[in-house]
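Note that the chains are named A, B, C and D in the order they appear, and that numbering of residues resets to 1 at the start of each chain.
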Amino acid sequence: MEEISKEMLLWMYEMMVKIREHEERVAELFAQGKIPGFVHLYVGEEAVAVGVMANLRKEDYITSTHRGHGHYVAKGGDIKASMAELFGKKTGSGKGKGGSMHIADLDVGELGANGIVGGGIPHAVGAGLGIKLNGLDNVAVAFFGDGASNQQNFHEGINLASILKLPVVFVCENNQYQISLSYDKQQTIKSVAERGKAYGIPGVSVDGQDVLAVYEVAKEAIERARRGEGPTLIEAKTYRFRGHFEGDPQVYRSKEEVEWWKKNKDPIKLFEEKLLEKGIVTKEELDSIWEKVKKEIEEAIKFAEESPWPSKEEVLEDVFSTPTKGVLVWQW
Amino acid sequence: MAVVREITFAQALNEALDYEMSKDPKVVVMGEDVGVYGGIYGVTAGLYDKYGPERVIDTPIAESGFVGTGVGAAATGLLRPVVELMFIDFLGVTFDQIYNQAAKMRYMFGGKAKISMVLRTVCGAGFSAAAQHSQSLHAIFAHVPGLKVVMPSTPYDAKGLLISSIEDDDPVIFIEHKALYAVKGEVPEEPYSIPLGEADVKREGKDVTIVATAAMVHKSLEVAENLEKDGISVEVVDPRTIVPLDVDTIINSIKKTGKLVVVDEGYPRCGFATDVAALAVNKAFDSLKAPVKIVTPPATPVPFSPVLESEWIPSTEKIEKAVREIL
Amino acid sequence: MAVVREITFAQALNEALDYEMSKDPKVVVMGEDVGVYGGIYGVTAGLYDKYGPERVIDTPIAESGFVGTGVGAAATGLLRPVVELMFIDFLGVTFDQIYNQAAKMRYMFGGKAKISMVLRTVCGAGFSAAAQHSQSLHAIFAHVPGLKVVMPSTPYDAKGLLISSIEDDDPVIFIEHKALYAVKGEVPEEPYSIPLGEADVKREGKDVTIVATAAMVHKSLEVAENLEKDGISVEVVDPRTIVPLDVDTIINSIKKTGKLVVVDEGYPRCGFATDVAALAVNKAFDSLKAPVKIVTPPATPVPFSPVLESEWIPSTEKIEKAVREIL
Amino acid sequence: MEEISKEMLLWMYEMMVKIREHEERVAELFAQGKIPGFVHLYVGEEAVAVGVMANLRKEDYITSTHRGHGHYVAKGGDIKASMAELFGKKTGSGKGKGGSMHIADLDVGELGANGIVGGGIPHAVGAGLGIKLNGLDNVAVAFFGDGASNQQNFHEGINLASILKLPVVFVCENNQYQISLSYDKQQTIKSVAERGKAYGIPGVSVDGQDVLAVYEVAKEAIERARRGEGPTLIEAKTYRFRGHFEGDPQVYRSKEEVEWWKKNKDPIKLFEEKLLEKGIVTKEELDSIWEKVKKEIEEAIKFAEESPWPSKEEVLEDVFSTPTKGVLVWQW
């Protein structure tokens, strides 16, 4: 912690708060029926996205998941555009065509959330290949869940990155559930990080509620990747404080379990305590961050609310990018 | 005289599963969240408590692995798996096990394998679930020889067809439209089966034939009712199974009305709607008195925004317009 | 005056790849055995020696992984990958990356992504390669919005269409029929491109239109030649690209002849043949003077034994019979 | 070796010889144009199939690969039926519909070769599930190559077997090539067996040219599975003496390399030497085994050659098993 600049520490704090505030407000807006579809919130897992992203540049790439708002926010995605997208508005990052599961901001290297579990993993490998063949020193980070680590793209993607020695870091957010299936019923090993051995790459497990711990582990992996030494697999043990999606009855876990995590392992609270304890910041500084962030989120919501709906004709647009002779859209 | 109960489409499916599991210990249910959770649409509710974790298996996210497990278990004859693919949109991560393995094994082995497996899955738009959770991909399954493809539209059909599908000795893709789960209808308590390959004329008429599938059956019936007020008589044919297809019932209806509108929520190109249109122009050419009309979504992914999605899904307005154009 | 050389279909493709790689350092080739081996059909021969292992990448058997790698690399704009799927039959182990990722990204992201990637793959029966190495699955790709689907029938078209495909900013599925690799034809040495979405009338005629794809174009031309002896004039239209489809050229031909036979090696149900038939009965109904005939394989997997396989593949006899039936 | 009965040792020898002889003859018949399609031969790898199968009962299941003749023969498949299948005859195991890549003999638990690399792995998991739920003490063995171990079904299938604790043994035949790609370019680890760690199951590497070594390793894994203790991953290091398929120009490896293996690591020669050295058999006994096997193979070939072709109408048969109303086969 000592070697990390105050500026960076505050950036981490602000980002975690921003994600938290974003998600809490999205939950409300969803409950009010203003946000349609499925939303999967990142509350409780903020330290993972933030600890990793603190090491990334704008030119670096990430691929995200159905639980992607946190990655988007921390990578510096435009939250007005994403909020409008959640509402299904024309000004949204996807012009209202994608929604929560398909938010992307290519301008900051956010290659997209994904509705298919594991689907984004090989995209990060592809970004890594592009980086390597273009002689750049950027990296690509693939985020995915514990559930995703049992899926084909985990296996095939990591192995490819390993043999091609690509600058890719694989970050498994082990929040201990795949919807209702707990981690111990998904795998007979103790940590997803053990799977690094299957691909001859380092595998590291870290406390995902401790943003500084995540930061350190990610820093090493990302620097290694930038030096051309190949991929690393990181498992961050974390926990989602809300249901799998909004509206989840959560029959598969006890209220006590959830409360225990909220009380003892809230990444923001833990970080706040540390910052105050070491005398790095004052309570007032932190409060003003909360204020600033709240304002930002409210502005994004206002933008979204006031934005126009897409017009019906737009349904036919954005399928292909190049003009082509012949029928692109079938019209009977 | 017993009054027939009304239950939902989801409950009807649940009854069929429960009946088959109680009858035949070889029947097992596998998939994501089918156990403790009871299926994310509640179709497998209660089965875990009744039959236990050995026969109601919660799987990791490994669709190719667990669908393939179903195929292997069926091939041995030791089990009759009912495997759930949470959304039909996920077929892409397990398709090989379906169309190259399950569908072809019997043929490749000279008729010596029986793949008694049902793959239950969920299709359909209307919930702002966007491009990867809203598709209707039945045409892809129907394209590949060796699979039976079932697509019920009512609770009654759902129960009878699921029972037939589980008792069938061939691989069956059983597709449930998510907009139908809450639909209620009369369903007998006792088990019954509806043969695969029998269309149902959901409404008789004489001026025009609508062939419609799943949720589109209901929209088509609504249109038919509306048009009746204007003295237009519409026949609505629900094939119920895409493979095998009850060609006779469809062709006979076209021969009677001379006019055909096909309404399907699948994509337009190389889809089920073109399939039926081709059937018409090949087998009922002389009876056809007008161009065949097709009402499907446009050839685009499913958009998220409710404004766009409701434009994307075939509407009663579009169906009615298509009918009127060929009257 | 330069005499135009004759080279094979495989060589024509190789020239297109070589040209694009020499022109644009972003173009890379990936797939199984594309490097040292030069591709199991020799299409990538020589590229490894010329461009090295960084740009001609031999991959492990991880189709979902390496197709997805291509998608991701394209999405960044850093590369323009040409990925080889050794047989189209293997689409099932990577289909999600094609139809849910590559095909939909641009739409889901509101037009902000360009997926400039070509997936080259091999289709077709005729070599006793049996049920999992002989399919023609273009209809599955065409069904899903967001993919361009190219299917050349001659060396000339192969070169021009592959150049266009690589230069296209959308995902293109480029399908090569294995029976065509050794076919020779005139191909200019210099690079040229053929726009996607332009059909080619391979033979003009006035009595009946045959729409045929890939290897079936050659069989149809043979039939047309035979029938000419009997004074029957057959027009053969090769769409060349399944998506986008040159509807105008097809419809105009049907309007001219009033009769349509569609010949396709894909499976019959929900296939490309039904697609064209539906187009005809929807857009050229008034011109149609006879039922639309469809010549495809039966709805069975591809059998191994030469005796069965030659019965399975549409033959010139079957095509001729179909034409004669509607004369 | 001492604990293995002479009968069993001779069975192993005979099976290896039978596979060798089968494959050499198939190569000739293919070259003569009598066998159409693709054939992938098992010459050089005989000890793997035989060492494993020596531990199996008829009621146990196996799943095989494109290189499947050896598995079929060693599991006790009917070689008349398979030879006729290779010829495409009506009397073939698949009535001529499958060919080399789709040979199966369900009567002896051979659930089929597979044209899709990795495709059969989950079928063995399914067989294991059936065995377990029916309370049997049988096992299922999945055979696959080094190339297949990078494919999705390896990852997803083994993990499933591990969490469900199924009686399945995974046998990776690492013949060091995936067509032209050598093993060291497929993975950055030294042995596929290391991947057992990713699934919390034992992973064992064994010399696949030594039938007794394979036998011992397989015995332990199979007994473990029968006892309900779950799956094992075995890697057998082996080598294919012929091309990937018949007709392969083999540009990717040197003649010297191939010759070295044939000379020093021929599994039949090595076993023969051991048997003779220990005085367990005489040269005459071994010769008579060759004679017997040759006769058997020739009979199978004769049967195949003399068998009738399928009739054209048969193309429409065997798609579905149950009679159904409605159109099964589209006829335009």
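Everything below uses one rule, namely that a residue touches a chain if its C-beta (ideal position, glycine included) is under 8 Å from a C-beta of that chain, and two chains touch if they have at least 3 such contacts.
What you are looking at is a predicted structure, and each value in this text was computed from that prediction instead of being measured.
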| task | Average the CA atoms of each chain to get its centre, and name the chain whose centre is farthest from that of chain C. | result | A
| query | More C-beta pairs touching across which pair, A-C or A-B? | reply | A-C
| request: Quick one: report the Å distance separating chain A from chain C, using the average Cα coordinate of each chain. | output: 39
| request: Determine the centre-to-centre distance between chain C and chain D, using the mean Cα coordinates as centres, and give it in whole Å. | output: 36
| remark: Rounded to the nearest Å, the gap between Cα centres of chain B and chain C is 31
| remark: By the touch definition above, chain B meets two or more other chains at residues 59-60, 62, 64, 89-90, 92-93, 96-97, 100, 107-108, 130-132, 145-146, 243, 245, 269, 282, 293-294, 298-301, 303-304
| Which chain A residues sit where two or more other chains touch them? | 92, 94, 96-98, 102, 114-116, 150-153, 155-156, 159, 163, 185-187, 319, 328, 332
| Sites on chain B touched by chain C in the complex | 64, 89-100, 103-104, 107-108, 130-132, 137, 139-140, 142-146, 243, 245, 266-267, 269-275, 277-283, 285-286, 288, 290-294, 298-301, 303-304
| Can you list the chain B residues touching chain D in their complex? | 28, 54-55, 57, 59-60, 62-79, 81, 93, 96-97, 100-101, 105-114, 145-146, 148, 168-170, 195-198, 241, 243-248, 282
| request: Spell out the residues on chain B that touch chain A in their complex, using ranges where they run on. | output: 32-33, 35-37, 40, 58-62, 64, 89-90, 92-93, 127-133, 268-269, 293-296, 298-301, 303-308, 311-312, 322
| message | For the complex, give me every residue of chain D touching chain A. | response | 150-156, 159, 162-163, 185-189, 194-195, 197-201
| query | Where on chain D is chain B touching in the complex? | reply | 61, 63, 92-98, 102, 104, 106, 111-112, 114-116, 119, 121-127, 129-131, 133-134, 140, 152-153, 155-157, 159-160, 163-164, 317-322, 324-328, 332
